[in-house]
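Paired with subunit B in one complex and with subunit C in the other, subunit A is shared by the two complexes that follow.
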Partner chain A sequence: MSVIGTSVTRKEAPNKVTGRARYTDDVNVPGTWHAVMVPSQQAHARIMAINTESAQNVAGVKAVLTGCDVAILTGDVIEDRPPLAHEKVRYWGEPVALVVAHDEASARRAAGLIEVRYQPLKVVNSIQEALAANAPLIHERISEYQVATPPAYPKRASNLADEANVVKGDVDMVWEQSAIRVQVRVKLPQVDHAAMEPRVAKAEILADGRVLIHSNTQAPYEVQKLLAKYFHLDPGQIIVQVPLIGGAFGGKATVHLEILAYLASKAVGGHAVKIANTREADLASSPVGMGLEADIGLAATKDGRLMAAKMRYFMDIGAYADSAPRIARAIAAQCTGPYKIEHLHADVYCVYTNHTYTTAFRGFGHMPMTFAIERAMDELARTLHIDPLELRERNALAPGDTTPTQARLTRSNLGDLPLAIDHMRTLIHWNGPTPRVVDDRHIRATGVAAFWKTSSSPPNAISGAIVTMNGDGSVNLSIGAVEFGAASKTTAAQILAEQLRIPLERVFIREEVNTHVDPEHWKTVASLSTYMVGRAVLDAANDLIRQLKDLAATVLRCSADDLDYGNEKLFVRDDPSIQLKFSDLALGYKYQEGDSIGGQLMGRGHFMIRHLNLLDQETGQGRPGPAWTVGVQAVEVEYDRMTHQYQILTAASVIDAGRVINPAAAVGQVMGGMNMGLGVASREVIHYDAQGQFLSNQFRTYRLMRVGEQPQEYRVEFVETPQVDSPFGARPLGEHGVLAIGAALANALSSAAEVPLNTLPLTPEAIWQARRRRLHYDTV
Partner chain B sequence: MRSLTGPQAMTLTINGDARQVVVYPGETLLYTLRGDALGLTGAKPGCENGDCGACTVLIEQMPVKSCMVLTVEVEGSDITTVEGLQHAPIQQAFIDHGAFQCGYCTSGFLMVGHALSQQPDHDQGRLVEWLRSNICRCTSYQEITDAVRAVCSEIES
Partner chain C sequence: MIPFDLFYYRPDTVDEALQAYGDLVRQHRHPAFYAGGTEILTRSRVQDVHIDAVIDLKAIPSLRIHRDDGQTLQLGAALRLTEVADLNLWPLLTATADRIADYTARRQITLGGNLLSVLPYREAVLPFLLMDSAKVELATQHGLQTRRFADVWDTALNLNPGEFLVSLRVDSQEARNLTFRSHKMTRLDWIDYPLVTIALAQPASGRVRAAFSGWNSYPFHSSTVDQILSDVSRSPQARAADAVSNMPMPAVSDIHGSAEYRQFVTQYTLSDMLTELEES
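Our next item is the complex of A and B:
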């Protein structure tokens, strides 16, 4: 029997095709009240006065809160964000006040009556404006902020929330000595996660002091910890429940609405209160994905060996830091892409602007970082007249090499990029990057790009699993990972089934997570659930097997070492006819005389990340994650030279997935990732006007891919180099489809349009402009 | 047209059943469906602006975004929600083709796909045109179009 490597149907599938799958806003306590936020209509302004009187008088209104009522600062890394704007607003859409009413309509009506008098301040509308001399300070008291989770180094009297640096080798000397140098400057706008389910949170404070939170968070245990910290509660008092989540992509890993829901409930005596984002609020008020501008310099030998790199990254983190310092370190630690560069210097800056604040976005900074390095790699290939796949293969990191932060690489923790590249050649019938003319207007070109990514998890991230047995020998699995579509629950159940040698149908797993009963899992992020939860599940399974054997050994009067198991039975290895069923032991064993021993069997397992450390402030030295996933992606486009429109013909990925646990689910994750990455690269952009107003707050202004716009064909293949310390050798896979596909698109279009395309999104207009600038530049 | 102010008692025909509801004139069908009285939460709010299609239901067998319809407009119409699909081929096809991950947009896509499969004409152009009304952020769309196409061609043959 093998459940691993089999395309099983996700456990919750029947519920999802019948409308029976329940999400946070599908089940509400009758009589729940509603909180509605008042968003700022200014991007940067001093709050002079807030008049709540007419709002208070609306029938049904129970409370109105403003920043003056909430004297705390919140933040994952740097505590810089008031839950409700206090004294000033720092982005358009920032919550300024909160209205609680019996029903949503009354709350909304009252929210509309709140008058906020602003004194506008000069808006910091770009990275350049933030870094300019005499730039207005977004956080005047930056030097007073607490760093809750070091490291982070806010720079006093500046708009720099943090800076991360990596230094390796002797970059200046090698740079000067190198034969070939290329420079690329890339610019990527802020983008949105656009999960189909908007964020929602509910809070209720019971008379006994317990706080019930329901929300669609990726980080229920973080919600528990932070609420306890901010409001001086015992963690055990706070119970966070998370049912199925309608997409997350990193955007639900930060604690945002939960704080507002708690404040709202507290203001009305603990009554159950819900705050549900409209799509407009979900886009403009809740955090988005960062923008990035980067200068990448690569130095190489004439035969294309990378020698040195100089890199500077400026992240548009928006008005508050949230997880930006962690993302900056992820970018710094992986800045070379999956290539060996022994001499490098990389600086990553977290730049405050008056844009919506940002948080993790699928890939945790690796997608924009990969875009930068992979555009530079293609420019290098073009300059050297070397096949771009060949260039990448020649420079691929290998076991024995070290990462930019000098972490040692092994076959197990790195995987095999050259093998993936080799598979890609066959998969897309690679003929090199030279465009092929279709007719007098249309031209076809293929671009490639490679990636690597690690988890950037904290060095003490933990996970757990509890397995209880039912009387019939089936098992219930309890884990702390939430289900937002990546099949994390099903994967955990597969791992348990495999280890217990039972059919998957005999493993029952709840769709929701409850922090009160499920063992803690750090956060359902970083594609880490298979590794972390999986290890905990294996540990729990082994614990359960030990208990089964011990009890069976007593009953069968043998040593536990004599026993083996299978088909839901324990049997004596040398005489399998001496056996007991799991069901005979699950709730204790009952002898014929009626007396019994044992009790319910329950396995417990845990896992803690090991051997990671925080990166050194000066050099960045340290180990940022347990292992890397490597892969290569390709895009073939047909480009219209007259209109600059293009069709994506093929999108392809070859990823070293270690052991693939659920092939169909894995292919789906990667295909979906490619579609998202192509959407981000081709059309997604958050626009702000000159006053910093958020202009892309609906799906008709924030445009996502629709049916018919996706690639005509997807190709996905895996190579399987086991990650030895991961369950069955599986590598993280959930985010990776997005990572290099946008770079591959830009590389394809740069070939087709014969102009470097380093700015996203790649709209026909952007291509036209780039060509026009090039033409202008060439003739001047 | 009758003028409406304040709560209205009316009968809706949902999934073949006559259901008594009390609604406000400004209430969207999505709101009514998901409310405590009916509890049909299969239709999801994704944008409440007609952009995403997660709330799609069928009115007289045609897909309609229930956030863009007032409940008082559909009195007497035949309304089908995802809860009304009883072993429709589209449901198994979505499972077989991996046409969902998080599942939030699934109800809406199922309703569009189901309605299309009941149409006499569902060539590729029409299929794309119909499915363009909805948004999925998890899948690549190929899984969804494959699932819908499979059901349409099965019905044809």
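Our next item is the complex of A and C:
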């Protein structure tokens, strides 16, 4: 029986549900010292003086570091971020000092005694303030910054970290000629990843020069590379170890605490030091998800065919760029949504503000981007009196079309959105967007939205797999992808079991990642593990099968081509009674006379992304990812017309999964995604006050959806259009549940409340305010 | 973690508690009376409280009292909110207190702790603001003292340093012979701080009384608002609108909601509650 397409329990599940699973902060070597950050109490200010004397005098304090002690700038794309604020602070919560002490209590007490004298500067508290003429500059030396990973184009004497553009066709001419135009302006706040496990890192520098890092990072090999680069070490000296991670959502892909942990250890002679975020620090000091404001203009024919689009996106990236330039390009490359628009102009701006800096957030910019285009699509449907699902189906990209960046689409790399839309009609008993009356106060309305997403990975992303055999013929699998709840380890094990034709229980997969022994995987991001790791695992499996066959051929005195395998045996194809067990060969074959040949069999496999390129600066032309995942989502709400309160009754997704590897895990992943996307859309928001102080630094004030507040029902279905270059045809699925569900909620509520709702979060107050203002909403 | 050391005392009597406080002050320490701990612990974590000793009052029997002898309903300050709800000696208090925080927190939070919280909400106060007969029993340096609730309350329960709340009392008849409604309105979630929590009570023969939390920085009751709400010649909608325009202080704007939205929510909630109250 095939293990692909079968619901299997995740390998780590028994330990998780019994509380036996160990996370980074669960394993502590006795004698480890503690580092604590001192967060800035200003959003934008010059640092005049830092008095560390009282802190130094606290018993147990080993070292106090400030920005003056660390003369480096860090950053994934643009090197603009000092590990500790130097000369000025750029956001509330930015680390200005680091205390290392014998124990955590001493470190926290000492951190509370550090006095920082600030000279406040005018706070850049919004995108508008950042772009205003004479806006205060957040980075005065922006033109001197190194671009570590091109492309990125920081604009001198401005608050623009970068700009990405896409130009296709002749937008100006077609815009003027089009019969129907709609304009939508959306506004989304910054939000937090809110992983259950806060970020934590430990560092130790051994006497032999090796640097041991333990961290709950999504990017262990990036930690290794960047530490080597910043501190002039050999990459091989640095060993990064990552056990199970308690949720990541992109927030653990940036290298942040690892740098501080290394600096702390270095300051105390290499002693082991741990830095663990409190929830408050995890929210305010470590990076969050970007805010977005966007103007979307769509031009169409009267029968609802999209003709042209003009789009401008302004990302509130906060104080430092981190991965924003990559996200800007991801938005630009997918800005049309899964629709054919031949004439297009889109500009995406990365805007520095005095807010907490931002990094990747589940969906890599596609969630806010999708909100913008899908609100515009619904307004177009409303204007044209066309069924919103019909409008989306009519304009869906098809094989032979090209993307905004002119990448060619095939059935394999695109999937089948119209098929997914068709399934959705049945799944939610679609009757159109017109609300249904429940009683004199309550009405029900359904909103829909579609999405697409590709990986936006670098063109040279790599992955690897190593399979070793045990004496009984079972196998061990080592990969570089970490496990943060998306079943990446189990999926890899399933792929290996399928290819070796052995039961899943016979595959033992390493739960942790250790950069010293596990083959490199670019980063566990972008929903790419199944594709990239899976390809490497297939390669390794084939390598192992080849070795098994070669050894068996020698023993059985036949050609390797004569052999087939199954049930942990190799056998001669035309006479299966001539056979050897995997266990006869796993650690070498022993002849009856006692002499032996072979050795432990081990398969190695690797994979490298192909045919991608960096997007052209002027037109954006290029291929941003190996394939897209498409899908459609729907939300049904019951809305109280008097109070503007609402209940989410149903949330539904139909996604083209290519091939579902583990149905239970896939459904869970999509349900979790919908829950997260609905939380973001309905309630999550980071508040800053007028001085830029971060007000949402606890879960009392950063509101997540809690148990009991979720929709009454989730429905998930898949269609399967194989991505032929992916293991068993599977498409990326990890992030996608979040992508359009917020837009579907906004579309449902816009219908119900009879007012365009283009601002998140969609609280009853937001609906009430929108109805009060009766936002001018034009069909030009 | 709490990064500083705390002395912990657990007296068995009121006198021991007062004695411990006095001793600690004489030793130049900064003691706090401690009950559920939800505020002291969470504020200590972020070094937002400056204490170095806590005196845990939960083991003192008189703070755990709960009885209704038909004359007086008495509730000890160290009863947990879940205990108050489970005992259900006073349904109006149950209705109000049972919406504070979440169940896990209510198993820690005590009645006295909520009344003396540093947060603006303190919804357990609302029923007491509605009772003429409400009294507090305080432990003071001069022994136990019983005072009218109204004399001790302005925007908070005003206790002198070293004093603590022992129990609360209301007249059994007054507490029971009334119809009431209590509604908590939040930004969106079932569990959140209130935009406004409203407790309405109406004695068998008497006018409607209303108390509010969340509207401003402290819970309050206003006789002007009572008067407006009691004018049954007008529709609930009209009375609610009038009440909202005649609150003793403006509504606050904060991250939970704007002042205008608080007014809107308060108005429709009051109107709904009046309708329910008068139909029941």
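Going forward, the second predicted complex is superposed on the first by the 774 of 780 C-alpha atoms of A that agree within 3 Å, B and C clash if a C-alpha of one lies under 4 Å from a C-alpha of the other, contacts with A are read in each partner's own complex, and residues count from 1 in each chain.
Operating definition for what follows: contacts are C-beta pairs under 8 Å (C-beta built on N, C-alpha and C of every residue); 3 or more make two chains touch, one makes a residue touch a chain.
Just so it is clear, the structure is predicted and the values come from calculations on it, not from any experiment.
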Is A:Gly485 contacted by the first partner subunit B, the second partner subunit C, both or neither? first
Is A:Ser682 in contact with subunit B, with subunit C, with both, or with neither (first, second, both, neither)? second
Once the shared chain is lined up, is A:Pro136 touching subunit B (first), subunit C (second), both, or neither of them? neither
Thinking of the overlay built on chain A, is A:Arg109 touched by subunit B (first), by subunit C (second), by both, or by neither? second
Go through the superposed model and pick first if A:Tyr23 touches only subunit B, second if only subunit C, both, or neither. first
Touch check for A:Arg700: first (subunit B), second (subunit C), both, or neither? both
First (subunit B), second (subunit C), both or neither touched by A:Pro459: neither
Touching A:Thr763 in the superposition: subunit B (first), subunit C (second), both, neither? second
In the superposed arrangement, does A:Pro435 touch subunit B (first), subunit C (second), both or neither? neither
Of the two partners subunit B and subunit C, indicate the one touching more residues belonging to subunit A. B
Residues on subunit A touched by both subunit B and subunit C 278, 700, 706, 708
Complex interface listing, subunit A residues touching subunit B: 9, 12-23, 25-28, 30, 193-198, 244-249, 278-279, 484-487, 664-665, 667-669, 671-672, 674-676, 698-700, 704-708, 710-711, 714
So in the complex, the part of subunit B that touches subunit A is made up of which residues? 34, 36, 40-49, 51-52, 54, 81-83, 85, 91-92, 94-95, 98, 100-107, 110, 128, 131-132, 134-145
Which part of subunit A faces subunit C closely enough to touch in the complex? 104-109, 112, 278, 280, 642-643, 645, 682-683, 687, 695-696, 700-701, 703, 706, 708-709, 763-765, 768-769
Going by the contact rule set out above, which residues of subunit C touch subunit A in the complex? 1-4, 45-47, 187-193, 255, 257-258, 261, 264-265, 268
